[in-house]
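In the two complexes below, subunit A is the common chain; its partner is subunit B in one and subunit C in the other.
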Partner chain A sequence: MFFNSIAFAIFLPIVFFLYWFVFNKTKSTQNALLIIASYYFYSCWDWRFLFLLVFSTFLDYYTGIQIEKGKSEKLRKFWFWLSILVNLGFLGIFKYYNFFAASFSELLNSVGLKTSPVLLNVILPVGISFYTFHGLSYVIDIYYKRIKAEYNFIDYSLFVSYFPLLVAGPIERATHLLPQVKVKREFNFEKAKEGIYQIIWGLVKKVVIADTCATYANAIFDHYTSMNSFSLILGAVYFAFQIYGDFSGYSDIALGVSKLFGLDLLRNFNYPYFSRDIAEFWRRWHISLSSWFRDYLYIPLGGSKGGLWMKIRNTFIIFVVSGFWHGANWTYIVWGFINAVYFLPLLLRNSNRNNMDVFQLKFDLDSVKILISISYTFFLTCIAWIFFRAKTITDAILYLKRIFTNKEFGFQYLDNERYNYELLLMIGLFVLVEWNSRAKIEPLSGKRSLLKLAFAIMAIMAFGTFSDYKEFIYFQF
Partner chain B sequence: MKVFLKYIIQIIAVTLVFAFGIQYFSDNGFKQLKNSRYNDWANILNGKINSEIIINGSSRGFVGYNPVIIGDKLNLSCFNLSFNAGSYNLQQSKFDIYLKNNKTPKVIIQNIDLAYFVKSTKLPDEEQFYPFIYNKSIDSLTTKFDNRFSLFRTIPLLKYNQKIKMLEEGVIANFSNPFEKNVKTIQGYCPQNRIFKVDYHNLSRFPNLTFKAENKHEILLLHDMINFYTWRLHKDAKIIFVWMPEYKLRLTKSFDLKRESIIDELNLIQKKDKNFLFIDMAYDEMSNHTQYYYDTFHLNEVGSNLFSEKVSMKINEFLN
Partner chain C sequence: MKQFLIYTAKVLLITVLIAVLMDGLYTYVFLQSKNRGKIETVFNSKSQNYDVVILGSSRANNHFVSKMFEDKGLKTFNYGMSGGHLFEASLLLKLMIERKYSIKNVILEADLNLSNDHQAEGIAALFLPYIHNSQTIKQHFQSNENFNELYYIPFYRYIKYDGKIGFRETYKIVKREKTNALDNLGYYPLAKHKNGNMKNNIVNLNPLKHNKYYEEIKNICKEKKINFIAVMTPMCENVAGMNYFEKVKKAYPEIHNYENAVVENKYFSSCGHMTDTGARLFTATILKDFFNK
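Moving on, here comes the complex of A and B:
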């Protein structure tokens, strides 16, 4: 069940109604309903994976308690590592086993030892990377005594399997979400209104921007060998907006839906394409994942407290691991590596925290510099996205090579002509709207919000992609 | 909570007002657009045609029969009712809608070719119905082919989904005509100012049709169509079946074999029925010249004008 499906449009009002009118007596009834709804939501993909979700939930719940109760450090460590290994084990088997087996076999073949890898015929359970990280952060926080273990299984289950964030995040922290699920929620009109704004804007991003861009990005990337330089540049830009619209659209809907139930989730995107350097980009893109890696990988590895080499090593580790988290393919690893390379000059000049302030544009030289920095950062991001989108590293390199060698800049006929020129205008308008609203969470709130909402809904109806229905990209991660 | 539900209703209401407003503006633009298939539909539905001669056919009829020339030559009012890309079943439906709102014609010119016998299972050129989805006749025709049309009636702008250019054209049509050549219609006829290009997809399409030598099914369909008209027209109304000139690349042995029994049957009907005429111009001299076609199957504007004159003369002989 996707957020942009008819099924969800029926599911959400039913759960909303039951939540506020039938199950609203206590926080336990509210939580119980949300868990039932979440499990139903998850089982719509494949009910068999529900067992994995329940097992993973129970494991972290139980080990969390055992770690807290552990009388000796040895025992605490045992439960801690048991949870870590089982969680990562599941992730390893379902997501990475085939990749490692195939890569190892290729390596052996390249040195003359002929082998054929034993591959597993398993489907990747949707959202496994997200709920595993929920569980991991919870257990790690208990082990390091940052939080107390949760003894109420229902409350803990809701933290892990709450349907708005279950399949594509944001990756929540126990410190943020658990306290909210432990109290009865009262309906808050302003919060629900914000939720509606976010849901509608998220849908605009997904079905109007992302899915329309996807039609072209797919046509260009799938036939890049016959595309000219201009089309290839457009392809990279379209993909940049596709993945942004897709993922941030999903996050917006998740945050919005959650607000309807009185629960706040972590903000996942903060207009990343308006970043002045790559460090700022990573503070604005998939914030919940970046901060997860910062807190549970970068800092434990020593962070920036050691010498320069340690900083560089740790930076490369978190970017490459972050790339690998996205998928078991060398393209994601290279994408992570490229971002680390982008980050390196900032790290060496100690300027990675330069652009922390909110900027205002004026008619002066500084503003021109800001615009150039934003454009340059977007350009770097697009180059990296080519590796993220391409099927293989070779494809990505050939794609880039063709941009610079073809040197033809005419508009080409693409498979689907429907928005050949209009799409660029649409993206331009979208950028303008987001630019003007960058101080807010979404552009629809504020003055004349009702009118803005109406126009956004009309845009969804008139320009949204419904016929060649596309699922959210981040579901595969 | 009450305030929230009120707010949701407000959002829906404001959205519906704007969305239906824009949709109405676009629909209205199309309806008013002179020399367009939309305006033709508007005139049909408003009973403004009432022609003495009605031309019926598919895309070949749509681009091949100039009703101005035919009407002038025969001194009768004439309208081209052809259904672009529509086969016999759609042509019949369109004719029924026409009859519901207009006077019964005295003469029917029915274009016929091999494509005529392939039943339409999808609604071609569906955009032509968008401004008229609230009309009962159009609704029953469109929903029979495509369920989405029921949704189009209730959800505003959905019919224009992904058709941004069309929506834009509809809005502009309230102020000026956004259409270029080859889309404009004259009394239902759509002249094509194009030069010849071989349409290999059409050339390979029809030989693959599974016509049998005796063409039983096709002959039944022929009788069905004649009966269809006979039941609806006045007793003395004339029914004229015309096989238009086809470009010489089409005139193969297989083509002859496929249409042989159909031609025989039409000639037989002609002998029996004094109100029925069959004009076979498939092998007309025009077949040899590319300047009259834009592909092997369709006449261009020059070709359609010449053909209309030629066919008018033959019809004139029959009528007088």
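Moving on, here comes the complex of A and C:
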């Protein structure tokens, strides 16, 4: 059941009605309903993996309590590592086993030892990377005594399996979401209205921007050997907007849906393509994952405390791990590595926290500099996206090479029966709308909101891509 | 909560209003469509006189050279549609009858398309803008699973088939952008391709014993006293499962088997589609056999 499906359009109002009109007596009844709804939502993909979700929930719930109750440090450590290893074990088996087995076999083959790897015929449980990270952060926080263990199983289950965030995040923190599920929610009209705006704007991003860009990006990436330089450049730009529209659109819908139930989720995107450097980009892109890696990997590794080399080492580690988190493929690892390389000059100049302020454009030289910085950061991001999108590293390198060697910049008719340049106007308009509303969460709220909402609905109907349906990209992670 | 329910009702009302307005606007544009495709042209046309009307899939569209019929004094148009099934061929003939076309002969390409009586979504969608303007189209689609959504939900059909009848197509109609669908009196000539697929496997294909839409076309012709000529058109040399054509002949003895009228691969662009040269050889045979020309 996808957020942009008819099934979800029926599911959501039913749950909303039951939540506020039938199960609204206590927070326990509210939470119980949301868990049932969440499990139903999850089982629509594959009911068999529901057991994995329940097991993962129970494991972290139980080990969390045992860590807190642990009388000795040794015992606390035992429960802590049990949880970490089992969580990562599941992730390893379902997501990474085949990758490691195949890579190891290739390594042996390259030194003359002929092997054929034993690969598992398993499908990736949807959302496993997200709910595993929920559980991990919870257990780690308890172990380091940052939070108390949750003794109410229903409340804890809801924190892990709350349907808006279950399959593609944002990756929530116990400190943020658990306190909210522990109190009865009262209906708040303004919050619910914000939710509607976010849902509609998320749909615009998904069906108008992402899915339309996808048809062009696919036509270009899948036939890159016959594309000219102009098409290849556009392919990278289209993919940049596809992945942004897709993932931030999903996050907007998730946050909006959650607001309808009175629960605030962590903001995941903050207009990342308006970043002035790559550090700022990572403070604005997939914020819940970036901050997760910062808090649970970068800082425990020593963060920036051990001098420059330690900082560089740790930065490379988190970027490579972050790339690997996205999927079991070398392309993701290289994508992470490239981003770390982009980060390097900022670290060396100690300027990675330079662009923390909110900027305003005026008719002066500083504004020109800002625009150049934004364009340059976007250019770097697009280069990295080529590795993210390509099937293999070789494909990505050949794609890049062809951009520089082909040197033809004419219009080209693509496999999707459209010209390569046709989407530029739509993207330009989208950028303009986002630019003008970058101080807000979404562009629809504020003055004349109903009119803006009407335009957004019209855009979804007229310009949305529906027949060539694309799943949300991050579901595969 | 009351405030929110009123607000939600407003949003829903706006959505419905937009859908109704856009449905009306798109339909209006499609009603003005000219020079785009065969379906729109027939729908927006008035009475026509034809000696020969050709119907079928791409194997009709690429195989019957209309100009050769015209040269023999037969007013002809090739209404074969690439990717189309008999579902669409039948509906197109019904629309012609509704518009009081006077037709003497219908040549129907009936071979591989007899194996199913489903609609070809990409082609069938092109009729949908007119579903509220034609009882014929409405009735033809009535047995479809999603008829109610397509008919009653405003703008739904334009969203569901946005690739065919969505914004791009509407915009092209407004721009009066021409396609080549109506060139050469509907016939689309193919060239020889170096990499054309010259193999085909139709082993698993079986003709339906009573293809609903084939029977419909046959009955319309009988009722309107139109001479009905059903033919199987040629395939290349390398086809597995050629006994399919014998199965067709057994189930439908009235269909003329021209599968072997042209055989050499040099006359084929791909295994199921002849080149212009092949099509001319084939059309000459048809003209000789059925029209003594």
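One rule holds in what follows: the second predicted complex is superposed on the first by the 471 of 477 C-alpha atoms of A that agree within 3 Å, B and C clash if a C-alpha of one lies under 4 Å from a C-alpha of the other, contacts with A are read in each partner's own complex, and residues count from 1 in each chain.
Please note the rule applied: a contact is a pair of C-beta atoms (placed from the backbone, for glycine too) under 8 Å apart; a residue touches a chain by one contact, two chains touch by 3 or more.
This is a predicted model, so every value here is computed, not measured.
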item	value
Fit or clash - subunit C, subunit B, common subunit A	clash
Touched partner set for A:Phe187, first subunit B, second subunit C, both or neither	both
Partner chain(s) touched by A:Trp20 [first = subunit B, second = subunit C, both, neither]	both
First (subunit B), second (subunit C), both or neither touched by A:Ile196	both
First (subunit B), second (subunit C), both or neither touched by A:Thr465	both
Partner chain(s) touched by A:Ile457 [first = subunit B, second = subunit C, both, neither]	both
Residues of subunit A contacting subunit B in one complex and subunit C in the other	20, 187, 189, 192-193, 196, 418, 450, 453-454, 457-458, 461-467
Partner subunit A, residues of subunit C touching it in the complex	1, 3-4, 7-8, 10-11, 14-15, 18-19, 22, 155, 158-164, 166-168
Subunit C-touching residues of subunit A, taken from the complex the two chains share	20, 187, 189, 192-193, 196, 418, 450, 453-454, 457-458, 461-468
Of subunit B, residues touching subunit A in the complex	1, 3-4, 7-8, 10-11, 14-15, 17-19, 22, 155-158, 160-165, 167
Footprint of subunit B on subunit A - complex, ascending	20, 187, 189, 192-193, 196, 418-419, 422, 450-451, 453-455, 457-458, 461-467
